[in-house]
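Across the two complexes that follow, chain A remains constant while its partner is chain B and subsequently chain C.
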Partner chain A sequence: MSDASAAADGDAPDADESDNGSFTLWDQDAVKLTTLVIGLFALYLLGGYLLGYGTRQQLASIGQLSVLIGVFAMLALALNLHWGYTGLFNIGIIGFMAIGIYATAVLSKGAATAEPAAGSTGGFGLPLWMGIIGGVIAAAIFGGLVALPALRLRADYFAIVTVGISEIVRFTLLETEIQKVQIAGYWTGLGGGSGLILDFDPTDRFLEAFGLMDAYIGFSDTLGEQLGVGSNPKPIFDTLLYGLILFVFLIGFYMLLQRTGNSPYGRVLKAIREDEEATKSLGKDTNRFKIKGFMLGCALMGLAGILFYAEQGAITPDAFRPRLTFYVWIALIIGGAGSNTGSVAGGAVFAAFLFRGPIFFKNIVQNTFDSLDAPSTFGQAVSPITGADPIPLVAYTIDNMGQLQLVLMGIVLIYLMHNRPEGMFGHRKEPASPIRLQDRTQPKPAASAAATDGGRDQGGTDDE
Partner chain B sequence: MGVSGTYDRGRELFVEDPIRAVIIVVAVVLVLDGVRQLAVGATQFSELGVMLKDGLMRGLFFGLAGIGLSMTYSILNFANFSHGDLITGGAFGGMIATYVIAGGFGSEGDIGSLMLLGSGATAIALALVIDRLVYKPIRDRSGITLLITSIGVAFTLRYLILFVFDGSRRGVTQSGAIPTVDIPAIDGTVSLNLHELSLVVVAVGLMAGLHFLLQRTKLGKAMRAMSDNEDLARITGIPTERIVTYTWIIGAGLAGVAGYMFVIWNGTLHWFQGWILLLPIFAAVILGGIGSIYGAILGGLVIGLTMSISIMWLPSGLTRAAAFFIMIVVLLVRPQGIFAGRATA
Partner chain C sequence: MAAGTREAPTMSDTEAGTPDAATEHDAVGDADADEAESRVTGTVPLRVEGLRKEFGGIVAVDGTSFEIEEGTMTGLIGPNGAGKSTTFNCITGVHEPTAGTVQFQGEDITGLAPNKVANRGLVRTFQIARELEEMTVLENMLLAPKGQRGEALWRSVLPFVRGSVIEQETEILEDCWEMLEFFEIDHLAHEYAGNLSGGQRKLLELARALLTEPTMLLLDEPFAGVNPSLEERLLEHIHELREQGYTFLIVEHDMDLIMQNCEHIIVMHQGQVLTEGTPAEVKQNEQVVEAYLGGEVGE
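Up next, the complex of A and B:
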């Protein structure tokens, strides 16, 4: 992991930075992504306007949407490192997220030295930032433990092993024997089936860490009054601020992975994806590269998991079913595996249209037709069809949008695999070299190639 | 030979294959501890008998359901993640058939066999429609593309079932009224009821029938040829598309029947039953060696027995984890499975 980030910080110049002049503004990936996200926000504001939302609801809706976009885009980016770059078919994402947030919870929950009441546990009382670092490290180490043996396997076996491991993680979290244990005088544990209460609010901790709490409360009060948000504006602004924090993390993820992808290290990963045997024959220790790549991706999944669940106030093992893993896969496939820009776009589109969209649509329809009484079972909904009365079935459909949403996701996945397996941004031509080959006039390439791996111990990594 | 020869072989094993050696040691320790538990009385013989019986039932189910998965894996070359939801679909189809038949002809009629047909037919119909719409257009793509597509199919199918049949866990058998015999064990009895017996009869019967089909009929020969080498099979004039259709019919039919027998044995039916069972079935198929019918049956028995016997050492919540763990260990030690290299034989 450290090697990987070292390589990421290396001298490989960013393809986009090298020559801005010969590109129009639209060719910049950042511009595309910003436009996409702003467009999605606008769409939701329009939907809210149709629903007759007040300012408060509009802000809340935008806040929730940005949190979801941030989380899914981050997860898709991390998965892209596994699947898009290295060709590792990981369908155990949720397991690594669970490890991350549970480690954070155990480390950062308030310390309990006396035995807590039934159904609750304490933690080690460390500051949240230490808990987060601990969670990320735990996810990375767990990823390494999984990868060490599993990387020898074929892609489809690897898939089955990873989903099996994510289920083993969930069963372990459910286990009552480690629900509450005493370690070094502290009462802690994983909470079993009832889960853990997270007694830290990441937004508050963030503000407190920078000493901005008072200023923030004053600010949100005045701004809330001006916008007419109503009483107690803090939760609304909290969500917005948290969305903003997630976007900052997302930019960090993107830059890290973009750098990693363009680094000599990332090129070896891509080579492994294309043909592992050939890469081996060039003298690369492909297993070491794969393990490092896998661990880095797992660490990022752990971090995304921490950021996703920390804000929710409580976690239960039930939240860590394999379903979420497949959400991330759908996001990545929409965006296009192999492209970081595509991963972010896919995460945003997934969050806006497939994850939140159907529920939003349901709200709009139910708001518009107040009198829509949905029958409670499918049978009652279908039987009037014989009398040419489709309304009950439509009402039932709208009412059960949460289930149909997943049917829709499945169909989208099938459609994409049939018609556009490369997604929105996949299989774009990537220059094999980190510098633009058209710029032959500059006397740089040789020097740059030498500098790229000069002084860095990358296990024999070098340029083409 | 003698002691020194054995010693040398033992040392060789430890040096050359430490993982396998560790597994052997762990297995020996567990067996010895099991014997100790029986001797001390921590586990009674009758309890062990019940565990073995449960494991056998589960194993037969995994084997029966795994055959279809194994066949599609070897003949169509992809891991079908929607197989579990075919099982659920079959079970619900069987339930509907029961409902309709019992409503039409009264519950006294011999509806058991008809329900079996209903569940098998539902699963077959589902599989054929899905194959036609989803898999056929992308038949020539890579196994991974098909795998991802099958995840999409699984989602669609599972949540359509939820949409239609809601999320309740329904009891489908009349408990208490099932004829039961008590088989004496050393310090107690092991009871065997009619549902369990019918699971054994149906599973063993279908497995034997499939054995006959694969070994003695032209269709079976063609299937084995196709799983060996599809291009070669096509060149020799085997109608590959028709064989694919038969593969789905057999695999899905067995899955549907297995789902129905599981529901009868288990007594409850709910919408994500098949998905939960899919991973142990995968474990069974991989354990036995993909493409091998006997491997799937044997792997199913091993996984089933592991899940019920591991309770002697593990807390009850972790028995499923133990089955997955066995699968992972097998993948690491012998990724080709027990019946390796004998495709569909």
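Up next, the complex of A and C:
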């Protein structure tokens, strides 16, 4: 079996494509995903062109899009480990993200040895990388604590527990008792309803860690001037660089989860998803597999949460309402549960079309049709319909695109459930094995060639 | 054919990385000798004593006791609600018995978790085949072997150590192909298990169970929903395996099938063992006719 290379770069062994042994570049999932992301960038650049964006705005738009693609793809990947592989219905994603970023914040915020002013707190002043590791570990441990009692429950009850836990986390963050506390001489706390200011900029810390700050500023100034970005180019390049960092993390996520999935371990997870009792009857200690898988997924959700919120400068408990959890679910369903490649694709498509797309579309339309005056109330928008004039309604709809975003997501979800429940990539056979499962290479004994088969009366041999 | 497939179900090489690999190898080497010996001495791998299981107020199994001799094929029969399946579930750890003990190869396995029971070599199949539908037939098979190094997450993920996982996987894959060929379902290897017919599922389940290297197999209605030609094949395989030294306990409704194929029959009725013996003895027993056939047909 010549599969060392395929396994080494973490690519999925596509049994359905490899049968004839011929390989084109397109068969590589990495190529598909890269093409998709480049295509989305191109679309946004085109949209920006229609909007008459300058270079600065174009770059900012691409930077923001990359950050969103990175975050949603990472979250969809982590959820895919829970739902796509193990069949764990986790609808408490945001809770694990919150644990991650709050732990990081407490560990890495500047140390305050004197009691800080009202409405602010300090942290332990650890380097950011230590804070990130701490946050990931905290999310994993929290996941383990949730899993111990919850994994005994049936799938639907498990789902209720997870969403409950994520709300408990949010309400705990709001708690005034732990808003500001003194631990071992350090003043810290969770900030209560006013949240925490994140006095660390992850991009700056990254550059400082490698001693590249001066070079970077020089580089961004020069390049910014050449591209005509205008004064103060650093924030623009910061976003782009952060998007790039997230893509590196995303590749890490993808490779880690491909390895996890395409292994005997991942195979047991899939078996648990299909039938836990049967898996037990084959001698597998399913609880241990489930807890480990759940903790790994929670750790990755925590990391994605850290990466998402660290850049935003501040966090408040209000940001951790369950809404984002369902965004991630939509992303996974679009991409196709059970496939890591599908998860990344789903995350990218969700971020580009459903999360940022509607607002972007609204801007384009309103920019193109300057004369489009949206009525301010629904009544004014609807009444001209009787006079066969739909324009006010269209204008009103577009003007309220931000509010309609959720409606749009719902419609997409219903459409997918009806017409393509397996998503973009969920139809593929992705056998869980570290090696490529081709047909048998060794010659078969002649006896089995003449296999008579009385029970082959059920079609369905063609579900590719 | 027998010579060619003799090795298939014994799976000697898979456990290379586990501590008991050495003993496994020895055992395989002397398999034939051991077999012969055990037949003579008639060791009892499975002993059930005073097994009782209550669900709320209902007593499903009420003091069942029996012994299964090594290398035999025993049929467990009885009318619906006699407690056969519950007995199975108590033996394999799905249910914890209210009272009584289950001994397997001299060790008490009462109330052990199903996976622990399976790991001791007592493996079951289900009444309705529990294949893993959205996994391919080959994946189903690859799942079963014990002692897979790659089942530890860190070994599967970290570089360097993953090499050993891949190496073992290649060996396991070969064993799986051999087993699939033994059961003549290798042409379905890349098919989703959910697309198989009822009979093929039963074959797959038996093949998969054998890959866990059991010493004794508990088959819960292995012939239910299987068409006659496949039933014959399944029977052939079971007989072949029995000759190789596997012990079978089979729950089955088809009286003829049991009478013709099992050398020992246990009849259960209302949670208790009504009688046991050879097919001929059981047929003669009037109580059995009464309980099982409602006293109408004399067979």
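One rule holds for everything that comes next: the second predicted complex is superposed on the first by the 388 of 464 C-alpha atoms of A that agree within 3 Å, B and C clash if a C-alpha of one lies under 4 Å from a C-alpha of the other, contacts with A are read in each partner's own complex, and residues count from 1 in each chain.
As a convention for this text, a residue touches a chain if its C-beta (ideal position, glycine included) is under 8 Å from a C-beta of that chain, and two chains touch if they have at least 3 such contacts.
Just so it is clear, the model here is predicted, and its values are computed rather than measured.
After overlaying the two complexes on the shared chain, residue contacts for A:L212 are found with neither chain B nor chain C. In the superposition on chain A, no contact is made by A:I38 with either chain B or chain C.
Within the superposed three-chain model, A:V181 lies out of touch with both chain B and chain C [touch as defined at top]. In the superposed model, A:R259 lies in contact with chain C only, and not with chain B.
Here chain B and chain C are compared by how many residues of chain A each touches, and C touches more. In the superposition on chain A, no contact is made by A:L223 with either chain B or chain C. Shared-chain residue A:L50: touches no atom of chain B or chain C. Of the two partner chains placed by the overlay, only chain C lies in contact with A:D285; chain B stays clear of it.
Across the complex, chain A meets chain B through its residues 89, 149-150, 152-157, 159-161, 163-165, 167-168, 171-172, 174-177, 326, 329, 333, 377-378, 400, 403-404, 406-407, 409-414, 417-418, 421. Interface of chain A with chain C (complex): residues 1, 3-4, 7, 15-16, 256, 259-260, 263-268, 270-271, 273-275, 277-286, 289, 292-293, 296, 338, 429, 431-435, 437, 439-440, 442, 444-445, 447-448, 451-458, 460-461, 463.
For chain B in complex with chain A, the residues that touch the partner chain are 78-79, 134, 137-138, 141, 143-145, 147-149, 151-160, 162-166, 279, 282-283, 286, 315, 317-318, 320-321, 324-325, 327-328, 331-332, 335. Remark: chain C residues 1, 4, 92, 94, 113-116, 118-119, 123-124, 126, 130-136, 138-139, 142-144, 146, 148-153, 156-157, 162, 165-166, 169-170, 173-174, 177, 181, 184-187, 189-192, 195-200, 208-209, 212, 226-230, 233 touch chain A in the complex.
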